[in-house]
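What follows is a set of structures for review.
Common to both upcoming complexes is subunit A, partnered first by subunit B, then by subunit C.
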Partner chain A sequence: METFFNPSSVAVIGASNTFLNLAATICNLLKHNNYHGRVYAVNRKGEAVHGCPGYTSVLDIPDTVDLAVILLSAQHVPQIVRDCGEKGIKNIIIESAGFSEAGGDGHRLQAEMEGYLTRYGMRLLGPNCLGTLNTHNGFCCFYGFIPEKYGEGFVAPGTISYIIQSGGIGVLVLDSFTRDVCKVNKMVSIGNKSDIDEADLIEYFDSDNTEVIGMYLENVRNGSKLMDAAMKTRKPILAFKVGRTSEGSKAAMSHTAGMANNDVIFESACRQAGIIRLKSISELHSMPKIFTTMPLLRGNRIAVVTNSGAFGGIAADLLVEAGLEMAVLSEETQAKLAKTGQLFNAKNPVDLGPAMAKQMFLDIFEILLSADEVDGLLPVPNVWQDVVLEAIIELVKMCRHYEKPAALYIPNAIEKILHIRSKYQIPVFESPEEATRALAVSHQQHNYLLKKERHAYERNNIKGNGKEAESAVGV
Partner chain B sequence: METFFNPSSVAVIGASNTFLNLAATICNLLKHNNYHGRVYAVNRKGEAVHGCPGYTSVLDIPDTVDLAVILLSAQHVPQIVRDCGEKGIKNIIIESAGFSEAGGDGHRLQAEMEGYLTRYGMRLLGPNCLGTLNTHNGFCCFYGFIPEKYGEGFVAPGTISYIIQSGGIGVLVLDSFTRDVCKVNKMVSIGNKSDIDEADLIEYFDSDNTEVIGMYLENVRNGSKLMDAAMKTRKPILAFKVGRTSEGSKAAMSHTAGMANNDVIFESACRQAGIIRLKSISELHSMPKIFTTMPLLRGNRIAVVTNSGAFGGIAADLLVEAGLEMAVLSEETQAKLAKTGQLFNAKNPVDLGPAMAKQMFLDIFEILLSADEVDGLLPVPNVWQDVVLEAIIELVKMCRHYEKPAALYIPNAIEKILHIRSKYQIPVFESPEEATRALAVSHQQHNYLLKKERHAYERNNIKGNGKEAESAVGV
Partner chain C sequence: MKEIISRAMGRKQRALSEYDSKSLIHSAGVSTVREKLARSREEALLFAKEFGYPVVLKGCSDRLLHKTEKGMVKLNLGSAEAVGAAWDDITGKDDIGLDGVLVQEQVRGDREFVMGLIRDPQFGPCVMFGLGGIFTEVLKDASFRVAPLSEFDAEEMLEEISARDMLDEFRGSPAVDRDQLVKALVGLGDLAMQYPDIAEIDINPVIVAGNKPVAVDALVVLNS
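Showing the complex of A and B:
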C-alpha cells in the first residue's frame, strides 16, 4: 500500500497539453509540490507535459513504473489497464468516472477492467476518485487541484490521515487545517472502491506515522472487513457517514455507486469496533487535535475555568448534555483555589472574575489538574491580555505532565479564534459545543481502549479481575 | 423606554480621571461614537472627564438630565439614586455589581435603592449590567468597552435588537456581526433586572425599527409577563437560555442572581408564545439573517442544489433530521431542469456537476423557486468562479420575488466563507447544519404566525374555517 503514497516513479496516463486537460494538472502539481520521484506523461502524441517526459504508451517508458494514475474517458480505461499489466505495474489509480456509478455501459467497463486487474495481480484505487496525497514527500495526484489557490500550510506535513469518499470533502478538510494546530499526514480518496477500500487503508494507517484516522464515507460494502481492521488498531478512528436517513442515503447512491446502507447496522458496528462516529463534517478537522495535543480523558469529571460568568453556565449545560459531569471540588481544592486571589467563585465553574495575572491562571490550572476529583478541564478564558495566552501555552504542557486533557474555548468571534490559534499554536476549539464534544470523544476512545484491554486480559487470564488491565491503559 | 436608548442628556455618575476608572470609559465611548447628546460626569472632585463637564452631584448639573448611568461601588448607590430622584431624573441605569446577586449586604442595598425608585417614580435598568447600545445614534454606555479593539462595522447600524443577561455574550454577538450581512439595531444588558426586564424590552422592540429580537437569558422571573409580551409581537424572537440542566442552572445563579428555573416550563412557555429557542450561543448571531434577508418558509419541502456531490447527501440527511422534507420534483420540473445543461442529477438533490455557467445556475434557481412542489432552497454551490457568486446575488432577489427562502452554504474553510459573505454581502451560513437550521427556524416562525392568525380569525368568526386566515399569512 505504501507505493500508493510513496512511489519512486509514476505514469500519469491521459495527461496532455490540450486546453483544460485534467490529468495535466497532476503533472503540474507533482512538480510544484517538490515531489522527488520520476513522473511520466502518457498521451496520444507522446508529448511532454509540464516538463514530464511523454510517451504514447506505458509500454514505451524506458524505466520501471511503480504507480499508474489513469485519467481519461472510461471507455479507454480497460485497454490502458491491460497495458499497465503488461508493463508490470502493480499499483493503479483510476480517477475517471463513468463506471458502475454511472450505470448502463459503466457496469460492463468496470467488469472488463476488473478482469485485467485479476489477470495481472494489480491493486486498484478507485475508479471515480482523486487518488492520494502524502504531505511528507509532496506526492499528490488530486486532479484539478490548484495549489496557488490555497495559503501556505495547506499541505504542511502532519499526523492525521484521511480516507474520503469525496474529493470536495478532502479539499474542505485540508483547507480548514491551514489555521489549525494539527495537520494532515496522508489523504486518500477511495471513490467507488472496487478493490482497495477503507478497511485496507485503516490497516495501512495503523502501521505508518499516522496518529488519528479520519473517514468520510458514503457507503460501506464490507462491514465485517471494516470492523476487523478497526478492531486491530489502537489509533482513534473518527468517521462521518452520509445516509443517516433514507433520503441522504439515496442522494449518496447517485454520487459514488453505493448501496443504501442501514444506518442502524453501521451505528452498531461503530460501537463494537470503537469507531467514533462524527456528528458533522466539521468534526473531521476539529476533533483530531484533542488526540494529537492532549492525553485521553480517563474519567468524566470536568472542571470549568472561566473569567466570563455566562460561560460557566453554558459549559455546565453542555458537559451534562454530553454525558460528562461537573466535577465536585473537595473542600481542600476550594481552599487552595481561594488562596490564589480574588475569585468570583471557587466552586465549579471556577470564575476568576476580572483577574488577569498569569500566575493566578497557572496556579488554578495546576490545582485543578492535580486534584483527584478532576479528570479534565474545560477552560473558557477571555484573552484580553497576552498573559492569559502565555498561561494557556503553559497549560498545554501541564496537561501532558498530569495526563489529563483540557479542551479550550476562547469566547471571541470566529475570526479572532482562528488568528489566536494559528499565531500561538494552542489547541483552541471554535465553539463551546466543539470543546465539550472533544472531551466526550476523548473519553469515548479511552473507554473503548479500556474495554479492549479488559477483553484481552480476560482471554489471557480467566481468573484475572481486570484491575491490572485497567491500570495498563490510558497513556 | 426610548430614553434609555436615545437620551438627549446623560449623567455618568462615578466617572473620574482616576487610573482604570471604568465609568470614564463610558464618557470616552460616547465621544468616540459620535453621540450627539450632552454628557456630564459626576465625581467627588467635580472634574471634567474626557471633555465631559464634571460636577460633584447630579443636583448641580444646570440642565435637565434624561438618563443617569451609575457605576460606583454598591454602598454609595442608594444615596445617588435618591439624588437622581430629587433632580427629577426618570431613567436610571445601574451598572455596579454587589446587590442581590452578591448576597449578604447586597440584599439590603438593593431594597434601599428600590425604595427610592418607587418614591420618585423612576425606571431602572440593572443593577449588575452593561446598559444600552444604540447603533443608530452612537449612544452606548457599556463600560470597559474599547472601540479601537474592534474593526469597522462592529457597531454598524442594523435591525436586530438584543436583550442580554451577560455583557460578554453581547460583545461576542457584536463582534461576530462584523463579517455578516445583518447588523445590530440596539442591545441592552439587563443584569439583575430588578425593574425593567425582558418583557418590557420585547414590548419596546415591537414598536421600534427592530426586525428580529434576540435574547440571552440566565433566568426568567416573571414567565407570564414574558409570554404576554412575546405573544403581542409578530417579530421573530430568538432566545438562548442557560440552565437546561440543573448544573447549568446552578452556575448561572452565581452569575446574575437568578433562581433555578425549571427548564421544562420555559420550553413550554416558548412553544406557546412563539419564542424560537436557540440551541447554541452562535445561533444568536447566525439565525437573524434568514429573517432579514429572506421571506419566511411557508412549507417544508426543500430543494437542494449543489455542484459538490457529497453535499447532496449531507444536506438531505440534515433536512430530514430537522423535520423538513426533500421536495419530490415533478416530471415537468425535472424535464425543465434537464434542459438547462449537462446535469449530473435532475432529481432532488439537483447536482450540476462541474458546470459553471451563470445562466445555468439562474435557470435552475428560477425553475425550482417557481415550482409548486418546492417551498424553499438549500443551495450548496462551490464558488470556484465569480459567476457563481453573481448568480447567488441574483438568487437573493429571486427569493423575494417568489416569496420563498434560500439558505445558502458554500463548502469552504470558515475564513473563506466569512470573506465571501462580507465582500459580496450575500447571506451565507457557516455550516450546512446552520443553513438547515435557519430553514427550520423560518418555518417555525411561519407556523406560529399562521396559528396566531387562525386563533384571531376563530375568535372573530366562530364559523370561519381558517382558510382565509391561512392565505393572509406568510409575507
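Showing the complex of A and C:
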C-alpha cells in the first residue's frame, strides 16, 4: 500500500499538452512539489508534459514503474491496464469514471479490467476516484489540484489521514486546516473501491505515522471487513456517512426488517467496532485536534471555567446534552479555589469575573486539573486581556501533565479565534457546541479503547491459550 | 434443528410455522412459552388441563400469516368449554390445512419487548432488541448489533433503547433478568451465523413474566 503514497516512479497515463488536459495537472503538481520519484507521461504522441518525459505506451518506458495513474476515457482503460500488467506494474489508480457505476457498457469494461487485474496480480485504487495525496513527500495525483491554491497543505505536513469518497471534502479539509493546529498526513479518494476499500486503508493508516483517521463515506462495501479493521486499531476513527434516510426493505415479511434501515445498522456497527460517528461534515476537520493535542477524557465529569457568567450556564447545558456531567466540586477544592482571589463563583461553573492576574488563571486551572472529582475542563475565557492568552498557552502544557483534557472555546469573534489558534498553536474550538462535542468524542474514544481491550482479551481467552491475555490495545 | 430448516427449505416454505420457529429459537437460548401442538380436540383439552387455565389456542401453519386478523388466535381461555369452543372455531375456519392448533400457557406481564434478526446487504446478519407492545412500529425504539455478538455487545443493546428504564424495577415488578436477554440475543446472532438459510426472525412479543422474559410468538423467515 505504501507504493500508492510513495512511488519511486510513476506513469501518468493520459497526460498530454492538449488544452485543459486533466492528467497534465498531475504532472504539473508533482514537478511543482519537486517530487523525489521519477514521473513519466503517457500519451498518443509520446510528448513530454511539464518536463515529464513522454511515451506512447507504458511498455516503452525504459525504467521500472511502481505506480500507474490512469486518466483516460473508460473504453480505453482495459487495454491500458493490460499494458501495465505486461510492464510489471503492480499498483494502479484509475481515476476515470464510466465503469459498473455507469451501467450498460460500463459493466463489460469493469469485468474486462478486473480480469487483467487478477491475471497480473495488480492492486487497484478506484475507478472513479482522485487517488492519493501525501503531504510528507509531496506526492499527489488528485487531478485539477492547483499548486498555487492548495499547495499550503504540503508546506506543513501533519498526522491526520483521510479516506474520502469526494474530492470536495478533501478540499474542505485542506482549506480548513490552513488555520488550525492539525494538518493532513495522507488523503485517499477511494471512488468505486473495486479492490482497495476503506478497511484496507484503515489497516495501512494503523501502521504509518497517522494519529487520527478521518472518513467520508457514501457507502460501505464490506461491513464485517470494515469492522474487523476498525477493531484492530487504537487510533481514533472519525466517520461521516451520508445517506441517513431509510431504505428499509418495505416488502419484508418481518417487523424487524421494517425497523432496520441502512443508517441504523451503520450506526450500530460503528458503536460495535469503535468508530466515532460524526454528526456534521465540519467535525471531520474540527475534531481531530482534541486527540492530537490533548489526553483522552477518561471520565465524564467536567469543570467549566469562565470569566463570563453567561457562558457558564451555556456550557453547563451543552455538557449535559452531550451526555457529560458538571463535576461536583468538593469542599476542599472549593476552599482552594476561594483562596486564589476574588472569584465570583467557586462552584462549578467556576467564574473568575474580570480577573487580571495570569497566576490566578494558572492556579485555578491547576486546582481543577488536580482535583479527583474532575475528569476534564471546558474553559470558556474571553480573551479581553493578553494575560488570558498567556494563561491558556500554559493550560495546554498543564493538561498533558495531569493527563486530563481541556476543550477551549473563547467567546470572541471568529477572526480572533482563528488568529489565536494559528499563531499560538492552541487547540481552540470555534463554538461552545464544538468544544463540548470534542470532549464527548474524546470520552467515546476512551470507552472504545476499553471495549477493544476487552474484546482482545475475550478473543485470546476463547483461543484457550491459558495465559494472561496480552492486550492488543493499551489504555 | 438442522432438520427443521432443511425440511422447510425442501418444501420451498417461505417461513417456519410458529411451533417450529419457537423450537429453533429455543435451541438458540431464547426462553419460550410452554406450548404443545394439538392435532385433535381431545389433545387440546388434555394439554390445557396439563398447563392449567387460562390457556391460549392458535392455529399453526407455516402458511398462516396475520393469524390474529384471521381470528386464529384465542386468548385467555379459562375452562375446558372455552378451549373446546376455540378449537371448533379455529378448525372451522381452516382453509389452508393447519398443522394443528397450538395450546400455550397464558403468559402475564406488563412489560413487552421484541427481538429479531435481519440480514443487511453490507453488514450481514444483525440482531435487534426493542420495546414491544402495540406501539412497537410507531416508536421504533430498537437497537441493533452485527452478528456474531459478544455478551458485551448484547449488554450495550439493552442500554441503548430509550425505554431501558423498563428493564429495571418497574411499577412494582422486579428488574428483568438481563442475563436471559443477553443469552437470547447472543444466541440469535449465533443462529444466523450457523444457518445462512434464515433470512429474518421476528420474536414479538417477549413478555416479561415476573422477572423472566418469555417469547410468546415467533416467526422465522427463510431465504426464498
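Operating definition for what follows: the second predicted complex is superposed on the first by the 432 of 475 C-alpha atoms of A that agree within 3 Å, B and C clash if a C-alpha of one lies under 4 Å from a C-alpha of the other, contacts with A are read in each partner's own complex, and residues count from 1 in each chain.
Following the convention adopted for this analysis, contacts are C-beta pairs under 8 Å (C-beta built on N, C-alpha and C of every residue); 3 or more make two chains touch, one makes a residue touch a chain.
Predicted, not measured: the structure shown is a model, and the values here were computed from it.
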{"item": "Which of subunit B and subunit C A:382 touches, first, second, both or neither", "value": "first"}
{"item": "Contacts of A:221 with subunit B and subunit C, given as first, second, both or neither", "value": "second"}
{"item": "Broader residue contact with subunit A after superposition on the shared chain, subunit B or subunit C", "value": "B"}
{"item": "Partner chain(s) touched by A:46 [first = subunit B, second = subunit C, both, neither]", "value": "neither"}
{"item": "Subunit B versus subunit C as contact partner of A:455, first or second or both or neither", "value": "second"}
{"item": "Touched partner set for A:351, first subunit B, second subunit C, both or neither", "value": "first"}
{"item": "Partner chain(s) touched by A:269 [first = subunit B, second = subunit C, both, neither]", "value": "second"}
{"item": "Subunit C-contacting residues of subunit A that also contact subunit B", "value": "252, 254-256"}
{"item": "Subunit A-facing residues of subunit C, complex", "value": "14-15, 65, 114, 116-118, 120, 122-124, 126, 128, 130, 136-137, 140, 142-146, 150, 152-153, 156, 160, 200-202, 204, 219, 221"}
{"item": "List of subunit A residues in touch with subunit C within their complex", "value": "219-224, 227, 252-260, 262, 264-266, 268-269, 271-272, 451, 454-455, 458"}
{"item": "Residues of subunit B that touch subunit A when the two form their complex", "value": "165-166, 168-169, 172, 175-176, 178-179, 216, 218, 242-245, 247-252, 254-256, 280-282, 304, 308-321, 326, 344-345, 347, 349, 351, 382, 411-416, 418, 430-433"}
